[in-house]
Structures are given as C-alpha cells and as structure tokens.
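Structure first, commentary second.
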C-alpha cells in the first residue's frame, strides 16, 4: 500500500523537466532548467585566463558557483555577500557540481582555460542541487560547442553525459525526485550523480530519521537509475534542438 | 543635425519597456522588468520583524538590495559573496533604490514591518539601476496590495508613483535612456527619479568628460520628464492587469 | 590476483586502532584516537547555555568542529584563522561529524544543553574524518557518563554506537581503511558511517577516476560492514575500561 | 519673509572658510580646511607605484579616501576598521571626491603615478564632503607643485579649479552651505561640485521630505553658483600665499 | 664619550612636550599632545551604556583605541578599515593604553559607564604610544571633571597620574625619549609607564640587536624616572590652566 | 614569612619541565613541552619559499604562530577561525615568540628560507607563552640540525639559547613560574626572555594591582635568572639525547 505524495505523483515519477537554452545573451552557455517549480539559471562562462596552478599543465578546469536569490525560497534568505563568504551548505553544493561535471570532461582536450558554471536558483522547491547539475551539463555542452565553432579547441572535451537525481524514504516508502514538501519531512535523503552508462559519479545519502537498511538502499538506487535515464534522454533532446 | 544612436533610436526615445508580474511564486511581489535587453528581477518581501531601531515607532520601513548575476554582463563578474561585502557601486545603488521608494510610502500606514526589495539583474545592457527602481515600484505595489487583501493593513501606504530614467550627453547630443554602448562612451550621465507629479525625488549627474553647462542640464531635464511620464503610464497599465 | 598495499595490509584489513581516554584534563570527554599514524584529539565540551533556537524546546544539541594543526600534514597547511572562516572541506567534515553523532543521541534525554565535539588532527595519514567520528563517539559517551554521574541528566541519551570507515577502489581493487598513500591515488573514495546494527547513517562516495559500477559499490559496502564491526568492538572495549 | 537660520546667517551666506596649508610635515600636500566648525585634514600622497591596471597606459590616477575620527561627531562613532570595510556612505563620499578631482586633472601630464587624497574629518558640523572636496583640491595643487619643483613632471596637470557646496530647502526656503542643525532637518539636500567656469562636475540632490519642483531646483542652483564662486576665490587666495 | 643624537639633544633630554586641551568641541575630553614632531589627538568619550559584562557590577571601564592617519608617516600607510581588523601592532598599543589608564582609575567611583580614549596620530616621529598614554591621561581627567561638574559622579575616580616614556640603547648609549631617527636604529627599545610615585605600571623592553645587560637596564630605568617626572609635572601644569 | 603556593612549591621553584622531541612525524622539528600541566606542541616547519620581502637579501626568517585548542582551557574557548583573524592577545604572543627566537638566529647562515614555529596549546595551566618560547627553541634546533644533516645549509645558524620564564608578585611575595591559580590572582605578572648569558631579550611586566616598586623588580629579576638557568640546562639535556 502506497502513501499519496503531496504532488500526487507516483513513487517513481519525476516532476516535469525542461531546459530553456540561450536564456540570457552574454554567456557562452545559458540554460534555465526546471524540475517542476524549481528553476535554476545555469550559465557557462569561458575564462581564457586559467587559475595559476593550471599554467603549463596543458589542461583545463571546470568549476561551479551556486547561489539562491534571496526570495527564491518561501521566506527571504539573507544574501551571503557581506557575511564573510558562502555558507557550509553552499560550499558543499558548489564543490559537488564542479566534481560532477569534471567527471565527463577531457581536461586535456579543453586546453588551458577554465569554464565557470554559475547556478543561480530563481525559484526553489526542493532538488536545487540536482537540477543545477543536470542543467549545468547542458550549459557546459553549449559553451564547448561554441569553443569548437570558433575553432578555439579541436576535439570535443565532453566524453559523457551527467545528470543528478534525488531519491529518499518518505513515509517509509522509497520515492524519486523529492520536492520541498517531501524533502523537509523525509527519513532518508540521497543525491545520486550518474553518467549515461549509469555508473556512479557521486552518491551522498543521509539518514535524517533512522539509519537505513541495505534493502532500502537498493530500492533507492533502482529509482535513481530510472530518473537518471529520463534526465539523460531529456538532455539529449534539448541539445538536439537549435 | 543629430548623430545616429547605436540602437537607431531617436534622441528622446526609450527602449521597449515591459513588466512581467508574478514572475516567481514565493515573493509577495515579483516583477521581471525589461528596459530593452536589460532585465531585472525585482521581488518584494514583507518582513513582519522590523529592524530593531523601528520598534515602538509605529512606522514601517522599505529597503533594497541590488546584485548582478555573475554572467549578466559581457564578461563574468566575480560574486560579492566572500569579498567582505558589497562594493561601493552596489552600496550606492541599493541606497538609491531604497530612498526612491520610501519617497512614495506612507510609513505610518505601513505599520511596524519592513518590505525588502531585491533587485537582481539577470541581464545587463545599461540602465540597470533605473530599471530596478521602476520595476521595484511595481513589486512594492503588489506586496502592499497583498497586505491589504490579507487585511494586515487597512490604508494604502503608497501615495504616489516613482520611476527612474537615465539621460545623458552622448556625442554632444542629449539622449534619453542610455544603453550600454552609449553609457560606456558618454560625456555626461544623469539618473533622475521622479514621482508622477514630475517632482524630483533624486537627481544624480556626473560629468564623465567635460563639465556640463546649465543649458545642457535643462535639455536633459526635459528628456527626463518625457521618459518618466512614459514609465509612469507603463506602470499604471501593468498594475491595471489581473 | 591482488596488488600489494603500500602498508602491506590485506585488502580487508584495518590499521591498528586505539583510543586513549582522558588525554587532557579539562574536557568532559577527551580521547586521542589513532587509526595507524592518523591521530586525532577529540574533546567533548558540555555547554549549559544552549544555542538560542533551542530554548524552550526541551531538547539538546550535539555539534562538531574539525581542524588540522598546521603541521599535521606532510607540508605545512595555513591556519584557517584570519582567512575569513573555515574552508569548504572543513565545513563539510564538521557538518558530517555532527550529523553522524546526532543519529545516536536522544536529544530529549540530553535536555537543553549542547555538547561540542572538537576534533583536532595532530597527525594526518588519511582517514582523518572517519577517525574523528569514531573517536568523537567515545568522547561523547564519556561526557554523557559524567552528566549522569553528576546527576545532571537521568536517562542515558546515547541509544546506539556510531563509527565510520573509508573504503575505496585502489588499483582496481576494493580496499578497507585507505591511508594517505592510497587515498591520494585511488579511483573511488567512500566514507560510510554506520550504527552498531550496521544501518547506514551516512554514505558519501565519489568517483575520482572513472564512474564506479554497482558491483564495485556492493564490494565496498561489504568491506565497510567488516570495518565498522571491528570499530564498534574496539569502542566497546575502550569504554569498558576504568 | 525669511526664517532665521540657526547660525543667524543669511540664506545665501557661507560659513567662514579657511585653508591651513602645510598642516602636517610628511605629506606632499597637507591642508586643514574649515567650513565653520567643520574641520577636515586633507593630505595628498604621491605614490610612484601606480595601480596595476594603469601600467603601460602613460596616464596617472587620483583617488580619495574619507574617514571621520570617532569623536568628530556629537556622539562617538565606531571605527570602520574591523567592521569588514567602509560603510556605504563612506564609499559614496570617497568615490565622489575622487571623481570630482579627476575632472580637473590632465592624467597624461601626471604620468604613471597615483595621488591619494586622504580626507579625515577632525570635527564635523555638516558639509564634511563639500569641505573635503574643496580642501583636497588645495592639497592636490600643493602636491603637483612639488612634483614640478622636483622636476618629476614637466607640465602642470591641473587644468581648472574644483569646489563643492551644499544647498538645500530648509523650512521651505532655499539656503546655502547647510550646517549640522539645518542638514538634519531639511526638506531637500543637494551637493554640487563646480569648476571655476561654473560648469557642473557633479550634481546630487535628494528630496528628504517632499519631491522638489523645478523652480526650487533653479533657486538652489543660483545659490550654488554664488557659493562656488566664493570658494574658488578663497582657494586662489590660499594658494597665492607662500 | 657620548655620541651626538640626531636632534642634538642630550642623552637625558626629552623633546619639547605640550598639551593643547579642548582641541575639538564634541568630546568630553580632547587633547592634542605633542612630543616634538609627534602629535596625537586624544579624545575621551563618556559612554553611559557600559559593555554588557559590566552590568550589575557597579564598576566602570576605561578602554582605548589607537590609529594613525594614513599620512602621519613618511610614506603613506594603508588604512586598517577593510583589512579585517586592526593589525597586531595596533592591538598591542591599544591594549597597553587601556591597561595603563585603568591603573589610576577607581572603577567603582566611575560607576557603570565606560570612557573610551581615542588616540589618533596626526603626525608621527617616534614615541607615538608614549605620547598617546601621556596625552590620554589629560583627556581622561578632563572627561571625569566634566562628569563631576555635571554631578553625574560624586567622587573623583582618578587616584594618581600616569605618563609613559621610551628609553633605549642607541649607539651603545642609553638615551631618553627616542625619536624616529633613533627608534629605527636602536639596539634596545623600552617603553615604561609610571605613576607619579614612580612605581612601575608597565615595562616593555625588547632587544633589537644584542641582548641587554642588567647594568644597561638600570641606566635606562634611571632615565625613565627623570622623563616620567618631567611629564607628570607638565600634565599637572596643563591641568591647572582654565 | 612566606605564603604557601597553591601547588605547594617554594617561591623560587619551577614546575617539572619536560621536552618530548619527535612528537609528530611530519615536521622538521616537533616538541611537546610541558611546564607542569601546561602542554604545548611546538613544530618547526622549513619553508623554502621565503616571504616576498626577503627575496634577494640572502637572509632567512623565523616566525611563529600560537593557538589554543578550544578545550585546552577550563571552559571551552571559541576558535579564532571565522572570527576575522586572531585576537589581540594571540597577536602579541606570536610576535613575542618570533622576536625571541630571532634573537639567537644568524639569519644569513639560515639562507633565504623561513622557519615557522607553530605553538599549539593542548592543555593550559598558566605560562603558555613561556613554555611555547622554551619548547619552540628546541624544535627550532631540531629543524636546523636536519637542514645541516641534509647539507642544505653549512654553518649552524643558532648562536645561543633562549628560554622564557614568568615571575610575579603573588600575595605580596615574589614567585617564579606562575601557574593558572596564581596567574589569575597576582598583583604583578612579568614575562622574561633570556639568552644563556642571562642577557635580556625581552622584558614585559604589568602591574595588575598596584604599581610595583624598584626593589620588587629586582627580586623578580633574581628569580628569573634562576628559572632561565634551569630551563637552559633542561634544553641542553633534551638536545643531547638521540
């Protein structure tokens, strides 16, 4: 017997996902990604001055920054500017986004330049980090396509797809793609980043209530494979347009 | 004889202006304002816990914060988070927005609460502060309408309209509503905030090249009156919908 | 066919583990934990003034701070003092330690007080965060025993044991408890926090090289269960003394 | 019918103005300027190491810093040191001083060096920023004279005079050079920076109470011309001594 | 045989010392103290809101802040504002000034209020901290006299005099009151704070070159007694005026 | 008639002193020094990249950092990380340690490299700065011995010994090596740094209660000579092992 989710979705059902490419004009890649009401603007900026420690290595770098607009959330959140730097949570998320994207980048093919992915949450309804990773991948591809069109690099530096989903145990039931109502009330919360061969790039699970068992882990991993496959398909479709 | 503007506009012609109300879900007021390619998301957040110095006064407060997304601009701008606080330019702009809006607010009618206007520039093409003030006014009205609908306040605290335009001397010619191409190359740059009786709320003019003469000032003020009138009309039309 | 580990350990062999209780005089709990050459001083400090958001809830809190002495590492690391706050890595680790310990604490039995676990790495050789969690648990128990001895609390607030191990894929082979030589050169690195029923409290896996497969995950989880069981036994033995 | 000003001055009457040159020994220019009880120490420091962005341009730079001694004011003001940087107000003022002085400097004639104007308020009684600009100009001239005397530069880089006055509407009456008693209680406050041809370099007007009308603006501008002319004369006289 | 000092003073000769009381208008005590070319503005501000830890104790507090104007020195010094707080040297000096003054204050007679001594160096030529302590004492007395005149306190809280001198070994010769030329080139530098009974309040000696011997210490202490006696006399004379 | 010290020591008796060399593995010098219950871990790290201002001088540098673990003290002390830099007290102490050690270092013989002494207090019971200086000297010698063994430098850069003791007036009686119980309750507190010829390197005395007289100073200096001699002997003995 299953419990009804707040959004009336089935346990293994993702929210509607969309990618709006070329959302802003100046960035080399600019994607507004939506996972239901969660909307994140992901821009990819090519920086030809690589960080100092990269010089002479012949390799590039991909990094990310993450932020929420103050009123992306139900109640206003204070800006991190003037607070002496990003919070611990922000740090964790932007390190996660950067690691996830680098897992599908051939840093040598990218050459000695840096691509910065800015993920700014315009509206939050749970799953902002998974939406950010999934959308940032599309912005990253757009930026590398431009580098190739402009004949700045020759070889495609992207050697796979990367997408992220959240899964969890909500009211004792494994569910896919938690929204805010579920996220704030779940027993276990897990973010999983997968490539398009469904290999694990990152796995982060936290027991919010009780410790979770091995069979619960297996159930969540099965949901994650389903969600990631759908996201990979949606990315391919979005990138086929234009 | 006039010089052709980069955008082919006439000297006294504003860029297309639009207001997209209810752009995000959570804020009491949420307006995406566009002045041509300049797009600013203005949200109004009601905070029932007023700042400490307000307690016991029976009066409310309206304040503003302003920020640019890193890739709103041609080249990526570093975030101000982790830099030990907003820059001087950011401080000036957010103080200006706050003062301008307070000029049309009856702080007693607002009661002991604060409304915070967050103005986040999604895309910049000159005139971000004038767009921010003009859009924030609409978001502020939406927030106060909600306060009245929810019967939290009785009397309308908004006693006028406020809009802002930029004027300048570009290639020796007074022009209205400078875009980025003009702004980065003009001799004089002036931001004027006006109420709907065309009284001055704020006047900030800077000679970038030569000092400007009294007759040039008069020509710019005439343009400002035309621009402000058009913005006041556009605000009224936007607020008449829904 | 297995590859020889730098330390000549078997793939499923932990380093020697020891707990030196009452290592310093002032703290309510003070444990020097060693995982081989990794040595972490974990102190538990009872703070009778709980954080403001706890007041009136009748519940307590457990939190952690983590730091390395500058020369705990091969080359000197700069102190985080005067750098505008802890780094992202430090933030992640101390949030992880805090969450892990709270998973076995009955916050109501603790009452409105806070216990702060300070985990200071005196010498680092890989696995500092897993040593820190495992040692901090012992210090936490010592502190709660003192609270009960002093009749400040009645009921034991500790309802389980918590220990953490690292597992990974090193030279294509799943291994338990990575030391620095392995850690800096592994393909996958996973930290697993488990209670004494071998339920998962936290699971954090990162593919450093290639994405890892489901069967590799299963092999690592089996190693983790072995390591965690040994640590739980060692904790019990240490706590049985005195 | 006019209202009597707190200082018994006529509406168009400035406070006594004086310049004490060579007030301290080490700076290339050092002027204690007084506008009535407002006293500001303005020092000009020549820095032969220009900021990085200036290198190779062949041009110089003039910048300013502004501060109040803690007890320049009626009640003690906290130092900005240790507060994470200057306040918004301080930023606005020092940017204004810098822009105003650069308007009369031939940056090519100055060569690749920087002159820093430090404006430290020893005693405040309203109009500190206008006094600072007016005094800093005299210090700047002294510093450039020394550069020419020392044959470091050939051509005089100063091609005009700059002075600043405040005007306002106080008890419905336009007045010149507001002191603290008027400033804290006026309806409109405007700072005007003018060169010696009475061209506008900067114009910053703020309606504190009601929006101000076009005829009020004209009346204030007439007062500003009178005040600026008197300040230019006083600067010339001070610089003619020695 | 003695070496000639840069200032042609005798080894046991102080620079001319003067106190200009009531130098600024707003502070309860305001003294411009000069030790030769070293000039420090010392203001005493009474703060009726004592620091939190003082409440309920019935005792007052005296504290100090010290700063140099950027161009008090031969080359411009960067402001400490925006540098994340005062430097180590500044901290040491302001702690020293505060301790020295508290040594002659009856904190109970002062009542639950705080007096803040701001010591701002307008011009530096060595010995700024000794001048600051000596001048701050006079400002403190003026502030407490005002408190008694205004009948806010009854009993005089000042139970002694405090003055500070520097002594040192310069070119192997013990000298009194080092100026900048000597200070930057001496073998030993010692700051001594004494009350009017010539008891030691603070003694801080540093060997810049070689360690100093016991007989050198004795010679410096003899000079310090002479200097301190002269400063105590000068303070009494300054305080006898008006 | 003498008063009994809390530790039952004689007035001129030091606490047991010990040096545990090679306490940690990675540092070039690593010494756990104990003065009774005060335990400080002193590590010496050789940094071959000297600070920028040293380049081209042919000379080396020795500097120190000092910190307390949060629970080294009776009640937990907040970490200085994230507080915008070390406190004033910390600054004073680390400057003192650095100056003291440099007094016995031939900076030319050291060559263009820096040695950083990290002094981290594991357990505090008074006299942490004197223990830190005394222990850091031993760590510094170990680091320079390693530099000579590795043939990085030729000549021994250490030309003397340095040790530090505290002396004070406690219950009107001069005492040597104050512990926490005495330190928090003494009338005068003096830290004295001496080389092995018993010359003064640093002398810092503070009257906590009454100003101290010349004869009291002499009595304290005699105790300091006794204590420093014992510490020099203990250092020599520790360095003779291995």
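Miscellaneous remarks
Letters A, B, C, D, E and F name the chains as they come in the text, with residue numbers starting at 1 for each one.
Definition applied: a residue touches a chain if its C-beta (ideal position, glycine included) is under 8 Å from a C-beta of that chain, and two chains touch if they have at least 3 such contacts.
In this text the structure is predicted, and so the values were computed from the model without any measurement.
Any chain that touches chain B and also touches chain E is listed here: D.
With contact taken as defined at the outset, chain A and chain D are each touched by B. The chain with its C-alpha centre at the largest distance from the centre of chain D is C.
Its C-alpha atoms superposed on chain D, chain C is turned by 180 degrees; the angle is given in steps of 5. Per-chain CA centroids place chain C at a distance of 33 Å from chain F. Chain F has its Cα centroid 52 Å from the Cα centroid of chain D.
Centre to centre, using the average C-alpha position, chain A and chain C are separated by 28 Å.
Within chain D, residues 82, 84-86 each touch two or more of the remaining chains.
Viewed as a network of touching protein chains, the structure reduces to one closed ring of chains, two contacts apiece.
Starting at chain A and stepping first to chain C, the touching chains follow one another round the ring as A, C, F, E, D, B. Across the complex, chain A is touched by residues 24-27, 30, 37, 39, 41, 43, 45, 47, 65, 67, 69-76, 79-86, 116, 118, 120, 122-123 of chain B. Interface residues of chain D facing chain B in the complex, by the touch rule stated above, are 84-88, 91-92, 94-95, 99, 103, 190, 194-195, 197, 199-207, 210-214, 217, 221.
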